[in-house]
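The two complexes that follow have chain A in common; it is paired with chain B in the first and with chain C in the second.
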Partner chain A sequence: MAERIFSWLIMVCALLVVAALLWVLSDVVLQGAAHFSWQFLFDAPTDAGRGGGIAPILVSTLWLLLIALTVALPLGLGVAIWLSEFASSNSRFANSTGITLDILAGVPSIVYGLFGNAFFSIYLGLGFSLLSGGLTLACMILPVFVRTCEVGLRTVSNDWRRGALALGMTRSTAIWHILLPAARPAIVAGLILSIGRATAETAALLFTSGYVDRMPGSLLDSGRALAVHIYDLAMNVTGGDGAAYASALVLVTLIIVLNTLAQSLVDSWFKRRLVLA
Partner chain B sequence: MNRLKERSYTLGEIEQGKPCCVPQPHLQIQDLTVGYGAKTVLSQVSLDIYQGCITALIGPSGCGKTSFLSSLNRLSDHHADAHVSGKILFDGQDLLHDPVDTLKLRRRIGMIFQKPNPFPLSIWRNLELPLKEHGVRDRNVRHHKIEQALKDVGLWDEVSDRLHSSAMALSGGQQQRLCIARALVLEPEILLMDEPCSALDPIASAVVEELILRLRGRYTVVIVTHNLAQARRVANYAGFFWMTERVGQLVEFGQCQHLFEAPTHALTAAYISGARG
Partner chain C sequence: MIKALASAIVLLSAVLNLALAQADNRQLTLTGSSTIAPLAMEIAKRYESQHPDVRIDVQMGGSSRGINDTRMGLADIGMVSRPLKSTEQDLTPFQIAMDGIGIILHKSNAVTALSDAQIIDIYTGKINNWQKLGAADLPITVVNKAEGRSTLELFLHYFSLKNSQIKAQVVIGENQQGIKTVAGNPGAIGYVSIGTAEYEQALGTPIKLLPMAGQVATVASVAQGAYPLSRQLNLVVKAKPEGLVKNFINFAQSAEVKDLIVAQFFVAPFSNSIKSGVAGE
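What follows is the complex of A and B.
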């Protein structure tokens, strides 16, 4: 009897979550589709975003993401490899790095925005620019990416490490050809989390990449991210609801497309090394 | 301690008709002591490993057999708090004190583990990766060596039609033989086997045992096993480890037949008759 109630409760939880998700999603899709047209993707915004489209905003968003990922992925993978493969488990430095990362992962993004503004925009003199914004995003996604990859590497069986060493392989070969491919699911998960967080970010970008909605001419120009655009339309522009929903629809689609792309890229890259069991 | 040393050698004449067992030391181990942190787990072990022969090491759990094996190919280097002292003479060098290229050393002294640990790659890649790592550039040479190694372990007929599918899909016994092939493909001189059959079912275990017997003469084999009958069947020499006050020691070493039929030490006699095993 208790067993029955338990499984019902679990069912209800699952249903509630799915229902909430569907509700949000259908709201975005229905309301967004009403305002959406293909032209919306290729036009510049007019009348504070009430009219026109989001072309420059889409371009800025992609640039921000590109900068953030280009910086964060190699760096993050490096730190993760160091933490799981090279740092000894009782090294003070490694442990404090880990704790710092955990704290940083929980810091609200507005704090990253303030830091990015002080450091990249003012101290390094990058001003309000895509570069400042992208680098700030990189800082923001790094902790989660590192921790996900690190955990993934740590769960890779030690038998393979010992096996590789016993065959006289260097550690770099073992990492590159065996451990990283074996940690692939975690790396993909980290990547997806990172893309999602970076694409949906507003607070960290307000003070770093700014909210100029013109087409950026270079990485040192200010640019408005899609999420900032939605925020602005919803909060500051009366009559901007339609455009806000249409932009939200684009944002959701963009994240789905990017995630699928990231997954298949990583998969195909690793598949050449690894035969998945 | 002195009493123990006097007894270390109880070698008699080599059995006639087994030309593989020329009693020429391939590895000479002198006063080998292994510890982890402040704890000594193996103390003052001295014995010779004879070329082309199979040497079986027996003894209760935790008496340091694995620690002993891992010192021989310097895998112990990779345990952060392990310390190894004494001498291991191999090919005119002291492996513990002379500058040794451990990567090259491990090509010459291969190791097989208790749990089969094929890499999560294809069967082919499992053998190709170590070859490439050791600079075998020529594709045809690699091809030839891989085929030969798979034939040596009797896997070729079983897997030649699925060389490029995952090694993880093989049965436990096949995986273990693949691991042996992976070691053999590097043409080692010595094979260290740490309970190679204990994770296998009786039939697979018998197949691997037969394979080990076929290695006699071509390779020098050191095998740790808890299966006394197996030790008796395959080995030319046998060593018996025992723990006194939680420190492992070599109690008796000699020709396998002598050790099992006429042990000189009461502990050995008790252990092999099952009284205290």
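What follows is the complex of A and C.
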């Protein structure tokens, strides 16, 4: 009897989560589709965002994401490799780096926004620009990405490392051809988490990449991210709810497309290498 | 390594700044109140379309940020959705619009006026039936605004209430939604932007606007500054405005942008100027 109640409860938990997710998604899709048209993707916003489309906002969002990933991915992967392969497990420095990363991962994004505003926008003089927004996002996604990759690398069995050693492989070859491909699922997970967090970010971007909804001409122009646009339409603009839902629909679709893309890219890249190795 | 990276970034940004500096005199930055930001952006777009060589960036972040940035020179113009305080007299305000909110009831409700104390009692749940106010025996449906709405802030500020004290039966987002809720419920009380309410009333929607502190709730009354439940929407500058700053402020105060002010459900601060001409959605 107890067993049956237990499995029943577990089932209810799963159903609740799926139902909540479906509810949110269907709300966004139904309400968003009413205001959405293909032209919406290619027009500039008019009348404070109630009319027109989101073309410049979409372009700004993609630029922000590109800058953030270009900076965060190589750096993050490097730190993860150092933490799991090079730093000795009881070294003070490695431990405190790990703890710092965990704390940074839990810091609210508005704090990153204020830091980015103070450091990139004001101290480095980048102003309200895509560059300061993208760099702020990079700082924000780094801790999560590093930690996920590090855990992935650590879970690779030591037999693989010994095997590589026995074959006379150098450390860099072993990491590049054996360990990284083996940690592939974790790297993909880290990438997906990072893309999701960066694309859906509002607070960190409000004070760094800004509010301007013009088509960006350079990386030093201010540009409005999709999430900021949705926030503005829902909170500040009377009659902006329709356009807010349509933008939310685009945002959700964008995240799904980017995640699928990231997954297949990492997969094909690493698969090829495993075979070669 | 990190030092080299940092100095590289500094160097890069210095070079980029130099490139930007040449265009500086044709560029304006506005920061401040999120209530004004959408309006300022529309005004800026119209100004840009008339002066193609000018670029105006509008950033938001709240009235106090607008004041700070203007003081520090980070912004040419600040946007402040309230009058300047006595500690802020180093700045000069230029009013571009007014924002007023009116208390609305269903047209069939016999109540013609409520005191501030009565409104507080209704919104905190102490009075929950219209009978106590001399009208029909009907429970009161309190309609409140969702968190984050500027009308909510103004309402709470005027009555010195906290949002947690309000016992609302219905929480709404938009003005239109509030009007529909009250129009469809004879026992409801709500508050919406006066421009929207007057427009709907003229269309025959069964609502009525209550006077506040003896002042009729009309766009004209807000425009004259007599109506109490309203606030100024200001542009502020540090020094005496010159050149582009001056031109833009003049433009924002001119008749050329009235339709933009009305389209954002605000009130142009000059009597007889727009009367009840609220743009439809």
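Everything that follows uses one rule, which is that the second predicted complex is superposed on the first by the 274 of 277 C-alpha atoms of A that agree within 3 Å, B and C clash if a C-alpha of one lies under 4 Å from a C-alpha of the other, contacts with A are read in each partner's own complex, and residues count from 1 in each chain.
By our rule, contacts are C-beta pairs under 8 Å (C-beta built on N, C-alpha and C of every residue); 3 or more make two chains touch, one makes a residue touch a chain.
Bear in mind the structure is a predicted one, so any value in this text is a computation, not a measurement.
Applying the stated contact rule after C-alpha superposition, one finds that A:Asp241 touches chain C and leaves chain B untouched. When the two structures are aligned on the shared chain, A:Met169 is found in touch with chain B, with no touch to chain C. Applying the stated contact rule after C-alpha superposition, one finds that A:Leu126 touches chain C and leaves chain B untouched. Looking at the shared chain after the overlay, A:His35 reaches neither chain B nor chain C.
Contact with chain C, but none with chain B, is seen for A:Leu206 once the two complexes are overlaid on the shared chain. Touching chain A in their complex are the following residues of chain C: 9-10, 13-14, 16-17, 20, 29, 34-35, 37-39, 41-42, 57-61, 74, 148-150, 173-176, 193, 196, 263-265, 281.
Chain A makes touch with chain B in their complex at residues 88-90, 157, 159-160, 162-170, 173, 177-178, 181-182, 273-277.
Residues 73, 75, 78, 80, 102-107, 110-111, 113, 115, 117, 119-122, 125, 129-130, 133-134, 164-169, 179, 182-183, 186 of chain B are the ones that touch chain A when the two sit in their complex. For chain A in complex with chain C, the residues that touch the partner chain are 47-50, 122, 124-126, 128, 206-207, 210-213, 220, 222, 232, 234-239, 241.
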